[in-house]
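Report on one structure; see the data block that follows.
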Amino acid sequence: MKKYLKFIYIGIVVLFLYLPIIALVVLSFNESKSMSVFSGFSLKWYEEMFSNRMIMQAVINTFTIAITASVTATIIGTFAAVGIDGMKTKQQNLILGFNNIPLLNADIVTGIALLLTFLMFGISLNWGTVYLAHVTFCIPYVILSVRPRVNKSVNTLYEAALDLGASRFYAFVKIVLPELRPGILAGLLLSFTMSVDDFVITHFTRGAGINTISTLIYSQVKVGIRPSLFALSTIIFALVLVMLLLVNFLSKGRKESVIY
Amino acid sequence: MKELIKLENITKNFGNLRVLDDFSLTVHENEFITLLGPSGCGKTTILRILGGFETADVGRVFFEGKDITDLPANKRNLNTVFQKYALFPHMDVKANIAFGLKINGKSQKYIDDKVDYALKLVNLNGFEKRSIDKLSGGQQQRIAMARAIVNEPKVLLLDEPLGALDLKLRQEMQYELIRLKKELGITFIYVTHDQEEALTMSDKVIVINDGYIQQMGTPEEIYNEPENAFVADFIGDSNIIDGLMIKDRLVRINGAEFPCIDEGFGNNKPVDVVIRPEDVLVKDRGYGRINGTVLTRVFIGVHYEMLIKSGENDFEWLVQCYEKYDIGDEVSLDVIPSNIQIMHKPTSSDEEAIDIDI
Amino acid sequence: MTYKKSLAVPFIIWILAGTIIPIGAIAYYGLTDRNENFTLENVLAIGDSVHLQALWLSVLLALISTVICFLIAYPLAIIMRNSNLGKRGFMIFLFILPMWMNFLLRTMAWQVLLEKNGVINGVLETIGLPALEIINTPAAVVLGMVYDFLPFMILPIYNVMSKIDDSVIEAAYDLGASTSKVITKIYLPLSIPGIVSGINMVFIPSLTTFVISNMLGGGKINLIGNIIEQEFTVSSNWNLGSGLSLVMMLFIIVSMIFLERFDKTGEDSFI
Amino acid sequence: MKKIIFALSLTIIMVVLAGCGSGSGEKVYVYSYGDYFDPELIEMFKEETGIEVILDTYDTCEEMYPVIKNNSASYDVLCPSDYMIERLIEEELLSEINFDNVPNIKNIGDKYLEMSREFDPENKYSVPHTFGTAGILYNTEMVGDKVIDSWEDLWDEDFAGEIVMQDSIRDTFMVAEKILGYSLNTVDEEELKEASELLKKQKSLVYKYANDSARDILASESAALGVIWNGEYLYALELNDKLDFVVPKEGSQLFVDSWVITKTSENKENAEAWINFMCREDVAKKNFEYLTYSCPNVAAQALLDEDILNNEKVFLTEEMIDNSEVLKDLGPKGNELYSKYWKQFKAE
């Protein structure tokens, strides 16, 4: 009896989480524009989506920004995680405190603060400002995932490599980086997701014509939701599903859990 | 023997904490030297300064007469066996051992031979392709040794290399280390907090506390003739008793006078007296110099260990003997003169500091 | 080693330019008027009835959402903790997957679902049930918050719970505790770090959102986030917007300090 | 190591690509209301002139204003409404159009240029794109027997939860001001207060405050009646034939949305080419067919069916125009006043 209750409970929560997604997927294949009646199967919203330049440009922007920003953030964050480890506890706490600010602060405040800063320095908003803003809020996630891996044993391994004659660079690349790899990968993935998912900060820092998927949806919803957005949702969901399964599969093979 | 390493007036602080204070030490070729002391005494710091992982705030380090104080770790001709081995987990056994050789640009043939030789030396031939996490603690220990010695260092620094092993394996590895040392003919500098390891393997033991050398000498000297209360207490169990040196060769302890063999402490001077528990003779009442009562008794294998209360200030003697006495038994105690070790009282509240050049 | 420290230099520069200076900028704007004279007016403006009302509504809705999230997530975390390992992974996957969908798309989906003539009412009508009319009401906004932030509550709590040693639970049963006692006396105190970070991760984004209220509130729900956003995009009073942002930051800090007091070890359970 | 280099070079390539994406070729940055011209025209324009259109949209003029004012993002062409154009001119944020590059201005009817002079006295800065008026779009079935002909019908409690109002300061206030018989451009605080009280009273009846999406809500029958532009009528009718449109008897607001060029425009000639293109009769006709907002392009009107031209719900009658008021810029004081009461009403 208790078992059934458990299953029912989980079932309800899962339904709650997936209902909107299922609805979007179903409606994306709907022939009519109606949002309540399924009148027949059709791929026309997919056609419309792929031929819509604004959507495609937004998709391209989203991914170029996410990839560049997450890679940049991962590089800076990884070096930082190692560098912070070499500091005194007081310095560490201070720096980590600052590192936590974008994590804990409201997105809207971060976005506004960056907007004001860009304009104060006379930087006109464009693709670059979005990129810089994204790197800013991605770095903390990288540090968060890499730092726990920078521990005493990695330090010792690094010293062991030096002891055996390796240069600092060689030891860093050959010994330290492989040790940190799961953390680095997790950080990269996390910041990529955060970047793709971000709306608020992009909303405030985007320049003329720079739409990401999020900002495009925001303006489209005001005009009126078109089913081509459902098609977009479906494709994004499918991509996410495949990517997550892939990552999970790969990490299981290596016994490193990257996500969660 | 040729002088190999010299530490000159090293001082090192971590924040407000002074770990080493004007520390000097000389190591000769082909010695097995053990730095022995409780954790936090500065022994590991000495090793790290030697290895090039820490820089001294003050003082110089010489290696074969050359000043290497500012030489980075990867340029020093000495190798370290780390506390927890620090084997590279993403490489197999062979890649680990070959790591240093590859960096030095040795030929593949040389590397293969050397790895082969090193594995034989540590009795692990055939383990080349094993991954590190498939090795037992003892095996990892051997690989760590092999990885260090293939580079043919003049000095091998060992930082509590046996600390993570269980007792039986530790004893085995002690003999192994002595054998390796003999075969390689190089200098070992060994850091441990385990007095048994120090006494078993070393040619010379240096007891360190609070950043100072407390005593140095052969294992026998250290054990039998501790120079101060710290050493006496740290090396084995001891009874450390306030005493009064009445005159040469006569000391008053616990209300009774004992003949001893020490001279030159002056007359009627307070001293510390060290007597090892196994050196206390337990006799029937009336047959010894002082009377006591058995407080506790534990059988610890070969012999019994007892606490015996005695004398004018109820001093509790730690005593080991083969005969069985019951709790509450009235006994007498005696010590033969050569087993009484007389030491100066420390001049200040600090432990007495003695700097000795080896 | 100073060499090692130097690796953090790009990061420190970035912190300076991307975190410290921007906060300075917001403070500068918030504490000056249009003529760049110092004033506290923009910060004190939170006392206006309009702003207070919005803040109150934000706190209320955020609190409700947080409580609902907690009530849903907590039993779920216990169930997950007590199922076998293979199932656990699958369940986490299930709960995490929607989070990877674009946040705006997910919120938009609810608009589609809840619209008076939307999917849910279509289904309800077909099976002869009365229509659900919550779109453009606070209830819809709460629903959106719960939906968007629920995984942020599930994961930290589960994370902490999965670290509770089985033997502790068994010991409690062994000593005669009932299931409800085990939950209140063992699970609950031991999972406080997770609960605290869960609350943080739901409450703060709910408190500060303007997207959800915008998309599901039909322009009728004005949260403090909407007010600030509008000061920047519609009213164009950046000084006031910055001043209110400063107040909001203060609010976040206070609520975190408040939560911190429940949990000194919460740091490692974050995410 | 290889991987790092790979990732690094990937990043650099991306940055360069993205940089190129915005650096090479002729461009024009257009910032307009959402869905305010036929998207196919973008392709057409590119084919004809080689100029790429980068489009961004806003929901209300108020949303656009700070972006232009602070020059936080640089756009070339905007399509704001009358009162906003007046404000932009006042604050010297627009640049004069070189009409040598916009010969198609001849297609715009004189009476529309006349209308424009209300906010652009010398016709120097703007070229009309659409004009029209606000009215009530309603579902004939859902309103039942009731006759919809007054703004006050939006306060009818029988329609509770089925009313859609505009979500834009001036357009929303307009409705209340008309009921109260005040000018749309009043800056009298008492009158404004009264209007905002009236709006507050209505709030519980309103299903949603929405601008462009209002027609979808009405078309999908999620609401029965709502304030909407007459330009949406034909389009909405296509989606749902039960819909009808009325301009309330109290009179309404006449708007003219026009193309203008920003002061900071870096592609001014491209911007003029774009405006000229939009004024071409075939383009304007195509646009009208897509958008169904009344077009001030006389040459294009000549190409349209009589029926449509004579449909007073699409092309306003003189009488309707006379009964309508054009929004004026209210100056900083007036704007602040509106903002204040808007906020109060929204917070309620």
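Residue numbering begins at 1 within each chain, and the chains themselves are lettered A, B, C and D in the order written.
To be clear about the criterion, a contact is a pair of C-beta atoms (placed from the backbone, for glycine too) under 8 Å apart; a residue touches a chain by one contact, two chains touch by 3 or more.
Just so it is clear, the model here is predicted, and its values are computed rather than measured.
K.L.:
Give me the set of chains touching subunit B intersected with the set touching subunit D.
P.N.:
Touching subunit B as well as subunit D, we find A.
K.L.:
In terms of Cα-based centroids, which chain occupies the most central position?
P.N.:
So the chain nearest the centre of the shown protein is A.
K.L.:
Please flag the chain sitting at the greatest distance from subunit D, going by CA centroids.
P.N.:
The chain lying farthest from subunit D is B.
K.L.:
Report, in whole Å, the distance between the mean C-alpha point of subunit A and the mean C-alpha point of subunit B.
P.N.:
About 54 Å, centre to centre.
K.L.:
Report, in whole Å, the distance between the mean C-alpha point of subunit C and the mean C-alpha point of subunit D.
P.N.:
That pair's centroid distance is 36 Å.
K.L.:
Report the inter-chain centroid distance for subunit A and subunit C in whole angstrom, where each centroid is the mean of the CA atoms.
P.N.:
Once rounded, the distance between the two centres reads 17 Å.
K.L.:
Quick one: which residues in subunit A touch 2 or more of the other chains?
P.N.:
Counting only residues that touch two or more other chains, subunit A contributes 35-36, 115, 168, 221, 225.
K.L.:
Multi-chain contacts in subunit B: which residues touch at least two other chains?
P.N.:
Residue numbers touching two or more other chains: none in subunit B.
K.L.:
Residue numbers in subunit C touching 2 or more other chains?
P.N.:
115, 117-118, 232, 238
K.L.:
What's the complete list of touching chain pairs for this entry?
P.N.:
Here the touching pairs of chains are A-B, A-C, A-D, C-D.
K.L.:
For a test of understanding, state which residues of subunit D touch subunit C in their complex under the given definition.
P.N.:
Subunit D reaches subunit C through residues 60, 62-63, 65-66, 69, 161, 167, 169, 203, 206-210, 217, 220-223, 339, 343-344, 346-348.
K.L.:
Taking the complex as given, what residues does subunit C use to touch subunit A?
P.N.:
Subunit C residues touching subunit A: 1-12, 14-15, 17-23, 25-26, 28-29, 72, 75-76, 79, 89, 91-98, 100-106, 108-113, 115, 117-119, 121-122, 147, 150, 155, 200, 204-205, 207-211, 215, 225, 228-229, 232, 238, 241-242, 245, 248-249, 252, 256, 270-271.
K.L.:
What residues on subunit D touch subunit A, complex-wise?
P.N.:
1, 4, 7-8, 10-11, 14-15, 17-19, 21-22, 29, 31, 34-35, 39, 42-43, 54-59, 70-75, 210-213, 215-216, 220, 239
K.L.:
So in the complex, which bits of subunit C are touching subunit D?
P.N.:
Residues 49-51, 53-54, 115-118, 133, 135-136, 218-220, 222, 226-227, 230, 232-238 of subunit C touch subunit D in their complex.
K.L.:
For subunit A, which residues count as touching subunit C in their complex?
P.N.:
Contacts found on subunit A: 6, 9-10, 13-14, 16-21, 23-24, 27, 35-37, 76-77, 79-80, 82-87, 95, 98-99, 101-102, 104-110, 112-117, 120, 132-133, 135-136, 139, 143-144, 168, 193, 196-197, 199-200, 204, 213-214, 217-218, 221, 225, 229-230, 232-233, 236-237, 240-241, 244, 248, 259-260.
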